[in-house]
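By written order: A, B, C, D and E. Residues from 1 in each chain.
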Amino acid sequence: GDDSESAGGGSGPVTLRLGYFPNITHAPAVVGVEKGIFAEKLGSDVKLETTTFNAGPSAIEAIFSGALDATYIGPNPTVNAFSKSKGEAIRVVSGAASGGVALVVKPGITSAEQLRGKKIATPQLGNTQDVAIRYWLKEKGLKTTKEGGGDVTIVPQENAQTVETFGSGAIDGAWVPEPFVSRLVNAGGKVLVDERDLWPDRKFVITNLIVSTRFLKAHPDVVKKLVEGQVAANEFVNGKPDEAQQAISGHIGKITGKPLDLKLIKQAWPTLEFTNDPIASSLKTGLDHAVAVELTKPVDLDGLYDLTYLNEVLKSGGRPEVSLP
Amino acid sequence: MASDTLTTGPRTDAEITGLDALDLAGREQGLSRLRRLWSATWPKLAALGLALAVWQAVVWTGWKDPWALPGPGPVFADLGGYLLSPMLWDGLATTGRRAAVGFAAAIAVGLVIGLGVARVRVLRAALGSMITALQTMPSIAWFPLAIILFQLSEEAIFFVVVLGAAPSIANGVIHGVDYVPPLLLRAGRNLGARGVNLYRYVIAPAALPAIVAGLKQGWAFAWRSLMAGELLVVIATRTSIGAQLTYARELSETTRLIAIMIVILVLGLVVDSAFGAADKAIRRRWGVLDQAGQ
Amino acid sequence: MTSTTTTRRSATGSVALRGVTKVYGRGANAVLALDGVSLDVAPGEFVCLVGASGCGKSTLLNLVAGLDRASGGEITLDEGVNPGLMFQEPALFPWLTVEGNVEVPLKLRGLPRAQRRERVAELLRTVHLADFGRKRPHELSGGMRQRVALARTLALDTPVLLMDEPFGALDAMTRDILHDELERIWTERRLTVLFVTHNVREAARLADRIILLSSRPGRILWSTEVDVPRPRRIDSPEVSAIAAEVTDRLRTEVGRHGQ
Amino acid sequence: MASDTLTTGPRTDAEITGLDALDLAGREQGLSRLRRLWSATWPKLAALGLALAVWQAVVWTGWKDPWALPGPGPVFADLGGYLLSPMLWDGLATTGRRAAVGFAAAIAVGLVIGLGVARVRVLRAALGSMITALQTMPSIAWFPLAIILFQLSEEAIFFVVVLGAAPSIANGVIHGVDYVPPLLLRAGRNLGARGVNLYRYVIAPAALPAIVAGLKQGWAFAWRSLMAGELLVVIATRTSIGAQLTYARELSETTRLIAIMIVILVLGLVVDSAFGAADKAIRRRWGVLDQAGQ
Amino acid sequence: MTSTTTTRRSATGSVALRGVTKVYGRGANAVLALDGVSLDVAPGEFVCLVGASGCGKSTLLNLVAGLDRASGGEITLDEGVNPGLMFQEPALFPWLTVEGNVEVPLKLRGLPRAQRRERVAELLRTVHLADFGRKRPHELSGGMRQRVALARTLALDTPVLLMDEPFGALDAMTRDILHDELERIWTERRLTVLFVTHNVREAARLADRIILLSSRPGRILWSTEVDVPRPRRIDSPEVSAIAAEVTDRLRTEVGRHGQ
């Protein structure tokens, strides 16, 4: 716990401990680290330490215990961390990515109605994708239950396992994020629903950047620089996609021991949009959907977003500001 | 000769029973049941109290935010609710059933492999050290194979549990059979026990203590494999302790996570004391109760 | 090496060995444990085998008991006789009570339960352990355990008793008492006994005939009839005198290996 | 008296050495080293061959798609590349170092707790069954606590490894100390060993075989905990076997996954034979080499 | 119950017990193992304690050895004397070689290495095991192990030897040989020996004085001087006669508990 205190101490060089996943939906983070964008924006006064995670819980635990100051993370753990700490532990300071989620099914299935009696996987009970498919099915008049009953059986399981089970025929489809969408497609699947089509402006949050409230209070200036880095990274990603893809592949290779197939990245790329807007409305709506399908109780999200720095950065760069709904 | 002046007749029954009485005198003693119970219980309570006090003290220092490290108060409040909710009991029912079935399967597999390896020289050379090496294979490595073989059925979970626990059990059987005193085997054969009868009357009961030790060890592996394996097939109709543990973590419900840990620890204690009782009963019957345990 | 044949004649309790040979191991490691041992034991005779370590006493008993096969020669037992074997250790099954232990051979012979019970009670009375049937072996003293083992062997209802240093691990007083007991049972049941011991005094106390085996290879070196009337006492001058004589021959044999 | 006619002098040296010679004769024998090695090796090779043949046969039936179940060919090709890549060796170095440090820490903790529980009656009553109960706690349950205590450092991994392995080791120590023959203790005390000397000269060496058994068991737990724990803190510059295993699975690289499983199995075999050798050496010195192993 | 005092006088090898009492356990479970035992052993005397099971023989030796505390009475040893204790089992450390075992008491006394080596070699010669120093205990026979244990106890360089049925587990021939050895060492070193045995013949073979203890509670019942000249032979009529007498007294004592 002492490290976090020293981070808040103020005197001497500040260390920013940043987390992210070696994953395509975390492209801005990966590119920002790989290309030294964060280091450049943070300047020499701030020491950057990065840690990778392969799942949300560890990252949130690290934030909670003061081992991490900021992390890129999906909407689901964001909401959990916020509500479990009674709105105290974290703030979303920027968006990072949107889109990149789809329902992939066996080729024979062409309509929602045909999903009746089928098994569809989601990454985790009650997470955004899980809620999304339940809500979508509900709108199509198909019932699902939390217990796996109803017209369509929802099977929450790890994404890695989804590829295995889809290949072995144990499931008929999956509502998953990239790169698993592309992997399932390569394994003979077919995209039935691109989740972007269900959202206004085809935009919904898949990755955003959160910082611990304590760090935000102690070092607002550092957070601002971090957000500058994020904005710059997104610019890079959107401006030089080829170079960004190359960087992602290489960086993931360094961490996982095997470079991520460049073809796969290129295949997934068009379904993703790298935007600084955290698309707060989609988070809120997602939550409403979750309540509608009886997976969560209503959560008060007031105070989750702190976009002042983002807007300062955007404004100073002459870009349009983002606003909360 | 002095000996002529002494009695020389055959031993009287009094001498035999006298010797027996002297030999057996002062063998068994013991504290009263109540005192034993108390002296076994208070240190546990004290340890528990101490642990709680330290925990509470750490929380009071404010070292970590309450959502990172909740205090005993909220945890026990949550545990109370959890204990009253059907969720725990449904989960326990599912997990308990899986543990029972998986462990039973592991026992069957472990017994067969153990007996095979113990009795067949070639199998021993071929599989002997493989058995222990398998123990170091993490459960997750078996997941793909489990799915290939059993799809998304509970059998996949059992498969992982069996692979986790069977090696320990087999090792227990091998150890037990190896150490059956050869004298007992010869005595059994001389008394007319051959083939299956030799197993029934001599080898199986003689190997029992080692087998129980193997089962106990196997249980720890089985349970850990089960906790991981329950994520393999999340059958939503059936909530399970393993899934609840992971979800508590994924939803950052630290309070619930600790509550589940307490439940697991209590289960572990219960199972351990069941094995301990079995072990003690056998040792007592066998007459090899350890000095320290008395 | 010709293989052994174990013929069975119809009568009770006689044991005959003709040129029995036993080799352990092969090639350079081969050990000639018994070398052409011939021996006739009459029904009801009490024969003690005496000899130093490794002279093949246990080997001989194992061969007669059928627990091992001879490398050559012939062992003849009476038709249907399955000799009972007792060891230095009681070799009781610790997971069974005293009764359970004595019951094992009866169970294996398929006796019905009622008969088994009766027989067990009778056997325990024979060895003065009627009150200890429900105890477990570890609750008994060494001498009591050896008596249980004797009862268990007697439960085989065999006329031939093979005993491999059965009292070697007991203290002197208990041993004295068991000598009396064994003598009594032997007389009552007219058993043939082949008794192995290191203890020359014990042999002189019990035997009709003492046979001295040589070591490496095991051969019959010398034998003597013990003509002391029974009941005998181990401290008696007659028994001591015989013991002294056998001891000296044994010492000479042992000394032969020390040079 | 017949005895008067016989020699009665004190025993000659020839008698003593004669008895010794007879007592010791024919004790040791053995096959040649080479034949032993061969007879220990061929069944393993045969088992391996058989397993490969079955695997290949299953793949040839086309039962599963090759990406779900690759055949031995591609796997060994991949394994070859893996063996030549720095990735495996870097991973092995990192994981090996972590295993060594974590296991060493577990030994230290296990020894201290084991000795405490074995010698202090109150501690035994308080912690005895807790130790075994802890074995059933899955590693993942400790992750939050590990992060709270050690942040995102390697210590967090060690913490998980220690919690996995220390109970087994402690149990080994307790078992070993419990079963030190009281006769040896009394002999040691009579010879002048008290306090620390009693531990040094009697208790420690007497408990060694049980401690080694505990260490062996502990290793299996340590390794499994490490495989899980290495995901806790993925340090970008240091690839590790545990991380590689999980990533191979996440990236659905079944070929690589099986290659890593083979590496883990081989490691398991190596470590097992190291423990086996230690155990055998001790047993041989102690003179309690099992009948079956000869 | 007054507590015991263990006074140490300056001289060699005498042992004196005054009204020594030992109670095990408390309350209803208390066992009076020794009840007011008084005994004087002169330096260089060989005293055998004989008695049935549980009469407190081992208890008495443990008290003299200082491994346990008496509940009452007084035990007096000469200044600086730490009696050596031998048990029925050799109690060798299986992880050490024969040499290593004999070396332990020397190490514990802090002797330098060179001196230790010399001493070990000498002691092994004393027990006729000079060639077996590098063996491990399990490679030896029972008799050889017991001789190593004797050498290890002698390494304590103590004038008082306490022996608790040291040859009880050995076969008769080996025991005979060890009797000779012990007698020789006892004479050479002028040791005081307190020797416990169940075996009346053994006592008659070895002792200057035989003391018979009663069982429950343990008291001195009777004692006798053994006037047979040495060297003695265990089969000799004189030894047998004394043995027979002690046996009868012992039997009577045992029979008393059977009624």
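We adopt the following convention: a residue touches a chain if its C-beta (ideal position, glycine included) is under 8 Å from a C-beta of that chain, and two chains touch if they have at least 3 such contacts.
Bear in mind the structure is a predicted one, so any value in this text is a computation, not a measurement.
Peer 1: Trace the shortest chain of touching neighbours from subunit C to subunit D and give its length in steps.
Peer 2: Between subunit C and subunit D, the shortest chain-hopping route counts 1.
Peer 1: Where's the contact count highest, between which chains?
Peer 2: Greatest count of contact pairs is found between chains B-D.
Peer 1: Let me spell it out: compute each chain's centre from its C-alpha atoms, then which one is farthest from subunit E's centre?
Peer 2: A
Peer 1: Rounded to a whole Å, what is the gap between the Cα centroids of subunit D and subunit E?
Peer 2: 43
Peer 1: Per the centroid of Cα atoms for each chain, what is the distance between subunit C and subunit E, given in Å?
Peer 2: 33
Peer 1: Just give me the whole-number Å value for how far the CA centre of subunit A lies from that of subunit C.
Peer 2: 84
Peer 1: When you check subunit B against every other chain, which residues touch at least two of them?
Peer 2: Correct list: 1, 3, 11, 13, 15-17, 19-20, 23, 64, 68-69, 143-144, 148, 249, 254.
Peer 1: Two-or-more-chain contact residues of subunit E, please, as numbers and ranges.
Peer 2: 52-53, 141, 173-174, 176, 233, 235-237, 240-241, 244, 247, 254
Peer 1: Of all the residues in subunit A, which ones touch at least 2 other chains?
Peer 2: Residues 1, 57, 61, 64-66, 164, 168 of subunit A touch two or more partner chains.
Peer 1: Strictly by the criterion at the top, what is the full list of touching chain pairs?
Peer 2: A-B, A-D, B-C, B-D, B-E, C-D, C-E, D-E
Peer 1: Okay, in this complex, where on subunit B does subunit D touch?
Peer 2: 39-44, 46-47, 64, 68-69, 118, 122-127, 129-130, 132-141, 143-144, 148, 177-179, 182, 216-217, 219-221, 223-224, 227-228, 242, 245-246, 249, 254, 257, 260-261, 264-265, 267-269, 271-273, 275-276, 290-293
Peer 1: Which of the residues in subunit B come into contact with subunit E in the complex?
Peer 2: 1-3, 6-7, 11-23, 25-26, 29
Peer 1: Okay, in this complex, where on subunit C does subunit E touch?
Peer 2: Contacts found on subunit C: 52-53, 141, 165, 168-169, 171-174, 176, 197-202, 233, 235-237, 240-241, 243-244, 247, 250, 254.
Peer 1: Any idea which subunit D residues touch subunit E in the complex?
Peer 2: So the residues of subunit D in touch with subunit E come to 1, 3, 8-11, 13, 15-17, 19-20, 23-24, 27, 181, 183-184, 186-193, 197, 201-202, 205-206, 208, 282, 285-288.
Peer 1: Within their complex, state which residues of subunit C touch subunit D.
Peer 2: Residues 24-25, 29, 31, 52-55, 215-216, 237, 240-242, 244-245, 247-248, 251, 254-259 of subunit C touch subunit D in their complex.
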